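Next come the structures, one after another.
You will see two complexes here that share chain A, one where it goes with chain B and one where it goes with chain C.
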Partner chain A sequence: MNMHRRVPTLVALVLASVSAAPLLAQGTSVLPIADVKTRSAVQREIARAESKGLPTQPLVAKAMEGVTKQATGEQIRDAVSSLAKRLEQARALLAPSPSAAEVASGADALRAGVPAPMVKKIRAAWPADQSVVMPLDVMTELVARGIPASRALERLTSLMAKGATPSQIAALGSSVQSDVAAGLAPDAALEVRARGVMSLLNSPAAGASLAPTGQRPPR
Partner chain B sequence: MSDERDLLIARVRETLRADPAAAPEPRAVAQVLQAVWQSPRPSLWQRAVEAWRGAAVTPARATGLAAVALLLGFVTRGVVVEPAAPAVAARPAGSSAFPAQRVADVADGLVQTQFVYDGKAESVSLVGDFNDWQGGVTPLDRLETGVWTVTVPLPPGRHVYAFLIDGTLVVADPRAPKSGDADYGQEGSVVMVFAR
Partner chain C sequence: MIRHAALGLLLIGAATRSVAAQALPEVRLEAGAARLRQPGLGARGGEEASDAALFGIFWRLPTERWTLYTSGNLTYARDSLAAAQGVAALSLPWGRRSNFRTDLGVAGAVFSLSGAGDGGNTNGFARQHYVLENGGAWGGATAATTLRGTRWNAASAFDLGGWSRFGFLYGSLSLSRLYATDALLFETAGLLLENESGPFEFQDAQLVLQLRGGPHDITASLTRRQTIAGAEFSQNALYGSATLQLTDRVALIGGAGRQLADPVRGLPQADIITASLRVSLGPKPLPVMQRSTIADATVEPLAGGGGGELVVRVFSAEWLEVEVAGDFSEWRPVPMEREGSYWVARIRLRSGKYHIGVRTNQGPWRAPRNLARVRDDFGGESGLIVVP
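Let's look at the complex of A and B:
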């Protein structure tokens, strides 16, 4: 009799443990969010993402960012919920099998204002067996610097089609970032840097011929 | 070397701006900048060869050459152990040449990246998407110059970060561009990490 009474309790405990395991693994049970309502909402959002196979680390980071910045509970809930939607959208855009890092980069691109079809185009323009994190991150950075998304996409996909490496793509983003910080107009910075990379891709020998000779050219 | 190139690029840019009559074609500007960017710096070995080339062989030089040969012998035998050098040498506080961050080297796909905060504080820690914005996890060290710094391994890509001052105040890196992402009404800073 006693055994019969204990069975449902044991089953409930096992089920609770199983359902809590992913959260414990993610460390969400120790999310330092004082507001119980917010903490529960964030944990539910993370559990939902987990069940969908979405990366949960970005959600934890977004919640923690809110805690560190002393945001209100409502702000944290909204930010985490919005990010969860972007992660799901990004995963669909980067199908068939994007990595967690690619999904997170895609979500960041969407947040920065990169239109969804452009995220898809970047994936299509990059070799399927290579991580598309860097092209997506550079696209995000270019748009964040104030370059129209259509212009940034045009330049990036041109470089990709010519076989630009991840390092060359990253150097483009970094150089444009520095140029804009130095006062150059974003459009002009992209134009100059993209042409520089393109000239290397068009003619590998051109780089060598442009190497300084140590002599001052005639004026 | 990156600083030198940046300085050179800045000079090229200033020269072009100062002489509007020149009005170079954008492609020409790109080629000049790219050439500066791509131009290899002579290696230590090349400079040493240049220094020796054409010089008369004196007893002192011969002794020096012998010493170098002996040292190379020790190195190849594994007797000499090179001490690990710091990623970036400390510079005086307030120096305009002090970088906000710098890519140092790559290991296991991660890039050692330095962060610098130059301001008054009792404690400073780095918070960002790479450490789940957890304050205190990545503290900065205070140098004798008063500058705070830390070097952390980061995966290549775009990272958003900020400094947490005295455990409560979140400030963006004044030397880095803003993230443009203000979910909480406060932008972070951006660093593009990649292996050169």
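Let's look at the complex of A and C:
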């Protein structure tokens, strides 16, 4: 029995190390930045982030985005440095122990214009043992669509309080996107869709099926 | 003068894209033909026109801190005019996020003008810009000297202007005060002067309107000149031009109208009709026909839940190269496949948030039109999509 458990664990470890290898190599030595000064500055920034325990993959991705978009060396350095600062800020806002994905989502939310206190509120409104990535991502998308952050937060936290699941939160974002594509104003789309999810959450049948995953744990 | 006006518009154009995220070195060659008529010349007082050949080269070299613009032009008009002209201008932003920019430049020309003598011109200019996203203002000064035969003529100009953008329409309005001693230049325009030694003082008001659609543009320039001292006349001049980008590297440029005498650059008044071909060289050609590129991105949920298939569709010509990139590809460009009239990419993604960009022919990265847009830290934007 124990052997059976160890084999999948070993396989998972090997797979994890294989999939992580290109990323690590990219982050440390083979960033395709032609300018030596820029490459060194970005590598230093990544090393500094790593030493602080911050996720480095978003920094590598940001540098790659700059390279692909033919940004100047100065722009790439500034972008990576700003992102490192946002990651640090997001980690503090999502304390005590956010995952790398949560920190990255928090940093993106800040970049999109979600005010820092709201990032904190989203964390507080979501069960502490569940990843807050999806609520943060949907909040980011709604704000990027031009919906006032306070209204988006109000709708999201109402759904969270009623026990919405991550997939329901995500569906809210997709539905708003479809409505906007169909010509509805973003905030009107949010109102309509949030009410739709809310009505589902209020129904006894849905409540029963959603409760185990979505409700806040008892304090 | 046409070339200087073009350079001015180029500098304004560069200012509107001051972030320069997509700025690349560029070399353009231009060749064309023109028909010129100078009102004070010819057997019947300006009724005689002459044909001209035009050759030009333009080079832009952007760096992180400044952009160098240089251009050279050679004009030869049968029986009336031959000129070689060079311009070098340095555009210096005061900082990456500053709204201020200083342009400094020098220009020189040698010419042989029928009725206006052989000689040369040299001038230097400085212009201070204040640039916002959709508008700006500038003030500048130019000092020049022109040698015509054995006589040196001085000229200077001070100008103030502002420009604004309303969607596809760009407009600028400027006022210039000019001082000159070049009597011969005005006489070739058929103008009556109070004396032959000057000085002459003029005031020009110029309105420029430009319609831009992707790399194409139509420009109209209306100039009103009034004398202040040394002569008594007023003139109006209208000049129109259009640029049609035929391929990613080749553009057709045409123009017609009147150019007033320019004492600062030593160029005579002329009525001009011109057509030329411009070829862009360099590492990356201009993006072509952006307006014909319409991109959409949607997510089809995968059976069984968790993740989805991102489908990006770009309605664009078959002969264009179309790519998509984003976090999902670590921003490595992924070529799209042709399906009917569309370029399509289908990418399986896990649940999460993704930034996406689409580009055609190595042009700027754009967000698909139906997605939320976020600034990308490089002066551009990315589309944002959340996969349930």
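List of remarks:
Keep in mind that, in the parts below, the second predicted complex is superposed on the first by the 176 of 219 C-alpha atoms of A that agree within 3 Å, B and C clash if a C-alpha of one lies under 4 Å from a C-alpha of the other, contacts with A are read in each partner's own complex, and residues count from 1 in each chain.
As a convention for this text, contacts are C-beta pairs under 8 Å (C-beta built on N, C-alpha and C of every residue); 3 or more make two chains touch, one makes a residue touch a chain.
Every value quoted in this text rests on a predicted model; they were computed, and no experiment measured them.
After superposition on chain A, the partners chain B and chain C collide with one another. By the touch criterion stated above, A:98 is placed in contact with neither chain B nor chain C. The partner that reaches more residues of chain A, of the two candidates chain B and chain C, is B.
After overlaying the two complexes on the shared chain, residue contacts for A:74 are found with chain C alone; chain B is out of touch. Looking at the shared chain after the overlay, A:112 reaches both chain B and chain C. In the superposition on chain A, A:173 makes contact with both chain B and chain C. When the two complexes are superposed on chain A, the residues of chain A that touch both chain B and chain C are 60-62, 64-71, 75, 79, 82, 101, 105, 108, 111-112, 133-134, 137-138, 140-141, 144-145, 166-167, 170-171, 173-174, 177, 180-181.
Across the complex, chain B is touched by residues 57-58, 60-62, 64-71, 75, 79, 82, 101, 105, 108, 111-112, 133-134, 137-138, 140-141, 144-145, 166-167, 170-171, 173-175, 177-178, 180-182, 184, 188, 191-193, 195-197, 199-200, 206-207, 210-212 of chain A. Chain B meets chain A in the complex at residues 6, 10, 13, 26-27, 29-35, 37-40, 127, 129, 132-135, 155-158, 164, 168, 170, 177, 179-181, 183-186, 190, 192, 194-196. The residues of chain C lying in touch with chain A in their complex are 20-22, 24, 64, 96, 284, 299, 305, 325, 327, 330-333, 351-353, 355, 357, 365, 370-380, 382, 384-388. Remark: chain A residues 26, 60-62, 64-76, 78-79, 82-83, 101, 105, 108, 111-112, 133-134, 137-138, 140-142, 144-145, 166-167, 170-171, 173-174, 177, 180-181 touch chain C in the complex.
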